[in-house]
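Naming follows writing order (A, B, C and D), and every chain is counted from residue 1.
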Amino acid sequence: MQVSDTVEISGHLMDYGILSRILDDIREYGGDYTIDRFDVGHEAGDTSYAQITVSGEDDDALQRLLMRLQTHGTNLVHPGEAVLETVEQEGVFPDGFYSTTNLDTQVRVKGRWLTVSNPEMDCGLVVLGEGDDLSVRTIPMSDARTGMRIVCGASGIKVTPPAAKEGGDGFGFMESVVSSEKPQAVLVRGVADGMRAAKANGKKVLWVGGPGVVHTGAAPAMVALVNAGFVDVLFAGNALATHDIEASLYGTSLGVDLSQGRGVEHGHEHHIRALNTIRKEGSIAAAVESGVLTSGVMHAMVKAGKEFVLVGSVRDDGPLPDVYTDVIEGQRAMRAGLADVGYCLMVATMLHSVATGNILPATVPLVCVDINPATVTKLADRGSSQAQGIVTDVGLFLEQLALELVEDYRASRF
Amino acid sequence: MQVSDTVEISGHLMDYGILSRILDDIREYGGDYTIDRFDVGHEAGDTSYAQITVSGEDDDALQRLLMRLQTHGTNLVHPGEAVLETVEQEGVFPDGFYSTTNLDTQVRVKGRWLTVSNPEMDCGLVVLGEGDDLSVRTIPMSDARTGMRIVCGASGIKVTPPAAKEGGDGFGFMESVVSSEKPQAVLVRGVADGMRAAKANGKKVLWVGGPGVVHTGAAPAMVALVNAGFVDVLFAGNALATHDIEASLYGTSLGVDLSQGRGVEHGHEHHIRALNTIRKEGSIAAAVESGVLTSGVMHAMVKAGKEFVLVGSVRDDGPLPDVYTDVIEGQRAMRAGLADVGYCLMVATMLHSVATGNILPATVPLVCVDINPATVTKLADRGSSQAQGIVTDVGLFLEQLALELVEDYRASRF
Amino acid sequence: MQVSDTVEISGHLMDYGILSRILDDIREYGGDYTIDRFDVGHEAGDTSYAQITVSGEDDDALQRLLMRLQTHGTNLVHPGEAVLETVEQEGVFPDGFYSTTNLDTQVRVKGRWLTVSNPEMDCGLVVLGEGDDLSVRTIPMSDARTGMRIVCGASGIKVTPPAAKEGGDGFGFMESVVSSEKPQAVLVRGVADGMRAAKANGKKVLWVGGPGVVHTGAAPAMVALVNAGFVDVLFAGNALATHDIEASLYGTSLGVDLSQGRGVEHGHEHHIRALNTIRKEGSIAAAVESGVLTSGVMHAMVKAGKEFVLVGSVRDDGPLPDVYTDVIEGQRAMRAGLADVGYCLMVATMLHSVATGNILPATVPLVCVDINPATVTKLADRGSSQAQGIVTDVGLFLEQLALELVEDYRASRF
Amino acid sequence: MQVSDTVEISGHLMDYGILSRILDDIREYGGDYTIDRFDVGHEAGDTSYAQITVSGEDDDALQRLLMRLQTHGTNLVHPGEAVLETVEQEGVFPDGFYSTTNLDTQVRVKGRWLTVSNPEMDCGLVVLGEGDDLSVRTIPMSDARTGMRIVCGASGIKVTPPAAKEGGDGFGFMESVVSSEKPQAVLVRGVADGMRAAKANGKKVLWVGGPGVVHTGAAPAMVALVNAGFVDVLFAGNALATHDIEASLYGTSLGVDLSQGRGVEHGHEHHIRALNTIRKEGSIAAAVESGVLTSGVMHAMVKAGKEFVLVGSVRDDGPLPDVYTDVIEGQRAMRAGLADVGYCLMVATMLHSVATGNILPATVPLVCVDINPATVTKLADRGSSQAQGIVTDVGLFLEQLALELVEDYRASRF
């Protein structure tokens, strides 16, 4: 038996193709729709408003479709109250749990709208406390504990997409930027402005980086940016840190290579020895302290007292003692590192970029720089629709960024 | 003070550019050389022999250079005895530890040549037992335990590269195959022959796969290959298993999508629900047992009683209960899964392909199939020089492979 | 002074994001708009209708904006009469000439709507004849001759976009298919169905091919398709024909290479000798006639009496005597070859694919197969929005296509 | 009946894998060999010398093999006299013609060694004049005229590979650089040094460019380089010039786009109008003269009195009046433009890069910059082995290059 409910959405529905994505999703989920009302923005810049009655073959199908549509920013016209069910098995949500978006979210419990404190996609919503202390936060499936109250279905939930960016938006949407044919110098300036704005607002700048930062010779530029205060938090894997440390420890031979433009060959034993050396010291910070590690990106981060979260992967050698070998624990550490982040730059890593995109709220501006268009596409496919992609060379990009942002670096280069 | 030692190597030194790579490495490590003797193979097919005196600025540098050269198959003319040092700190090798290659290796301890049981690159060599029970095996750095005796320096070690392949070699070396311009149907047949040969020799076929197997619609072909006995072990991550299970559980909608050729969008909640469902069951096998999971690759693996090792990564949702969340434990499980493997096919995954390449002996034939040339290149860069790369479409490749190997599948298709 | 005019458009405006592209273009051209009316399709499958008043800073700007919007299928509500101006200089249009789309187009001249016989983008419209013999056709700039009457501005012109495809549409739009993660076997079947349908309607199948057809070992599959009647016209360059003929003439050595899966090295002299041999014969057909050329794709085309148009490029050696060395003449020959074409498959060539996309009416279904996503993207960027892209391996794709379409080939393969 | 001859080669045979390529080719051509002598360079830096007797199944096969081996720099130990045959058909060489390399070449005619004036690969050698006026030059097949004396077979020919580059060689060989993981800033400096060196030697710098130069926003950087004298000759197609002129003519709208980082959409009518405008003026220079064209790369080239050769392709609209529409005539114009060229930079174009690689002597240093690794690989595959590839972003690369080379530009940027 067909069941239905009515949703509404407002915003630049046509300009950004949002409505067409909503209708696509309804079709894909086997649902049907009637557009009850459509108030079009008549002048350029006006927002539009749509009210759509959506139907599915049963309540289960309908709820899932309604949850799906919320990823685009739709809400129920009559949201009602959230339905809560209790976790009965460790690490398992109740059937029909509400699967979150990364948008700002509010949940109506006992007649009050509660704001979800840490929006993150693909999580559940857990209701904590009682009475005046009621609160709601996202929780990953693996953190579900018996007895927790989890929101189920789409009732009682409202989401708010980020405000549309004004003309200053230098990039446009992801789908249009998976192209290397862009005026790149302009894009660099856009990122520099974004970072300055975040710092001016008292926010942190988060970097997510891969070993390409070292291999493309961009470490000096990144060190300059760390020292100038434009890298507050770094998420990376074992590889970026290891290759950075290897370049520092075996400076003579590898330094020569890097300065001559010869390739860094993988698989030789330098990185293994670098790993052993840092393991012996106990941590990267200890190696800086003891004078074993005296240069490079990780050294700069330690010296500047900045936070880094290194999460391992199955291909790691070693790893460094600072690396989380348990990926779920690593995710927790990354979540903790997101506090006060107001800008995120991802460079040269698909794995950690997607991982960060998974946990980042939609309100944080996010730029992904990679020479491989697939990395940028992948990020968008995963739902990080606020992502802005720049397909370019990481080495030259960071060089330009340091020239833009750090006067000393500029002076040292020319 | 310059110190030196003399190494020798024989084989098709010129045909495969091995000598040029040796000389490159000497330069890169800041060493010097004299070619003492060079016996060239005069007729096509003859092997050559070279004796080279290598020098470095001190013993440490020399030892490291000698170890490096062994990755190409060189050995000391007068190998002497292995030098053993004791582990003094958990998870840390003694300085100067011998960093292994993935070649067949022998170590001379107390006058006897001991064969290393499980060659693996970037490990240490631990000497176990006493007297007649002396043995040597590779050990990853993180498994080093206090008191272990570890081989240091290059003395007392001999490596043996795999015998050069005869004319049957369908692919040539990696560097020449990072190209999509190859007669692809021939390459498929080469892989089919390799698998048949491994099975005929009583060996196992190892698959390493990414979610592209599912997204390209190749799951039915892979299921046919599992059922026909051509998939003995599967290494993968959370993604392949999750998307395979998602396709099975939400067959109606996603099945339609797949059969119509529409893209599988990421980020919707189907995969989250699939994860929750299997977590509720406790394991993939339990879900098969209970009738919850009734089709797909993972279902076929369980039904056929085949082994799979799923190792997680930082971008995982869930994950499935079968997934190792600790990557070091995951590596151990993968090592255990290598027993009796005689052929390895990697499809559509960079992360797990590199991870497997890291632990696979050089004697196991290895084919890497990916539409992204970078994946294939990366594997070669990491030292898996026996790797043969095929840049092609994974979906059509597996379709063709199943048509070649499985008569039933052929019958079902046309 | 702002001037304005009113356009209308109907169709699946929101589903396919057409309206958002229209509004983007207005902004990009520095214009402004008011949406006067917007009748939304209420049920799934209903079409929408929009009426938009567009303004520009002067008539020139407005006319250019109106012409631009017609590429999306908009028309003036009050189209009026076409304005004609006379060509005063060979090969130069009058200022303000109407720049065509590839949509079905009608022009109102002397009170009558005339249908443009050969829609092609980026051309002008020339009015021929008088009285009852009035007609309008597209004309490329270089064919403009003094005295010709050319349509200027957007008045008096109506375009009709192709009818939206029904559920049978296997691919969706270009932007969604620049991905290799698609169920490829399904896509092959879609192309096979498209070719069968074109043949059943008495239409021709046009192929546009690059040398990758030969290098990927797909020539036998393509020969089978030629012989089975699925290749009516072939557009290509010197390279496809030369490498095909080279493989045929130097069969022993290169045949061995291809059958063993070794790469075809460029730059050796085989292709130069092949060119010289055919030049000596006078033409490809003459070489077939004289028994010099006895196999391959070009041989099959000649034997089957099918048409091919080879247009050269600046990188050509030789070229073959059949090759147009003047690209403008080559374009004319290609235009002539489009008669009765009802389906177009582009494989492994960016240059000739874009060239064909430039001259093909929007009504002809067009599929572009390439392992390089950039080729597919480029085609869409150039305005061939009806294009459907398949990012896959050309060798395996054609192999599968021949297995689908040609029973004999299937029998020969297994 | 097997016939044989003996060749010799000296140089860094092992370091650069040259010998292994020679042996590969012998096998590929179905020949056989005996290495008669091999004098290895004992110390690092010494050259080696090899003498190899090569055999083929008949004289024809042997001659072709010998010609093939010359592409690597081998010569006959007893070269003898060149064999000359007469052209009997316009545009067709005699069978068995010597197919040239791009190496420095000498031909022995009537007892004297004559130096080939313009080495170019895949051509024939024509002997001109008599007695003291005897000379030899390369000639493309299409320029063969009846009665010309053409060198046939490998007798009487000596080639000299370029001297091995010393330590200053910043890039290494092509195969090692099809990677984006390089210290990019170092590579930029290498190109800047190469250009300065060429200018210091009184040589010209040749640029080969695609429209990506404009689309990536690099036109201002290139203009600065033109004005500073680092662009002496430009080879390009219709697209670079058209998009550059379009950006100049429609500065307001497109200028805004470029400065805001929005994509340049293809297929709109701006470029068509730009073409019509320049066609009306008669030429690019005329448009500069008349004040119609006032900025951009082409304007700068005209103002600086520098040469450009634009050769069309089948996908061109228009084209511009300066464009060669006949590709064979275009090749001739490019050949004429090579005089005194001492350095060649290729940016963002596969078609014209390969075309230039085809006609460039091996002695001219050549750097190919493209974000697409395939372009760089293709160039190497075609035989331009002196090519050095840089896989990077064209926009940022040219920006950095202008910052390195042009003080004024540096001042204007920061």
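The definition used in the following text is that a contact is a pair of C-beta atoms (placed from the backbone, for glycine too) under 8 Å apart; a residue touches a chain by one contact, two chains touch by 3 or more.
The shown structure was predicted, so the numbers you read here are calculated from the model rather than taken from an experiment.
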Chain pair with more C-beta contacts, B-D versus A-B: A-B
Remotest chain, subunit D as reference, centres from CA atoms: A
Centroid distance [mean C-alpha coordinates] between subunit C and subunit B, Å: 44
Approximate Å spacing (C-alpha centroids) for the pair subunit A, subunit B: 31
Chain centre separation (subunit B, subunit D; CA means) in Å: 40
Subunit B residues counted as touching two or more neighbouring chains: 179, 262
Interfacial residue positions of subunit C with respect to subunit D in the complex: 25, 28-30, 64, 67-68, 71, 89, 91-93, 95, 97, 99, 121-122, 140-142, 237, 252-253, 257, 262, 265-269, 272-273, 275-276, 279-280, 311-319, 325-331, 334, 351-352, 354-355, 358, 372, 374, 381-383
Interface residues, subunit C side, partner subunit B - complex: 170-172, 176-177, 179-188, 190, 212, 215-218, 258-264, 371, 391-397, 399-400, 403, 410, 414
Sites on subunit B touched by subunit D in the complex: 13-17, 19-20, 23-24, 26-27, 32-36, 38, 40-44, 175, 178-179, 373, 377
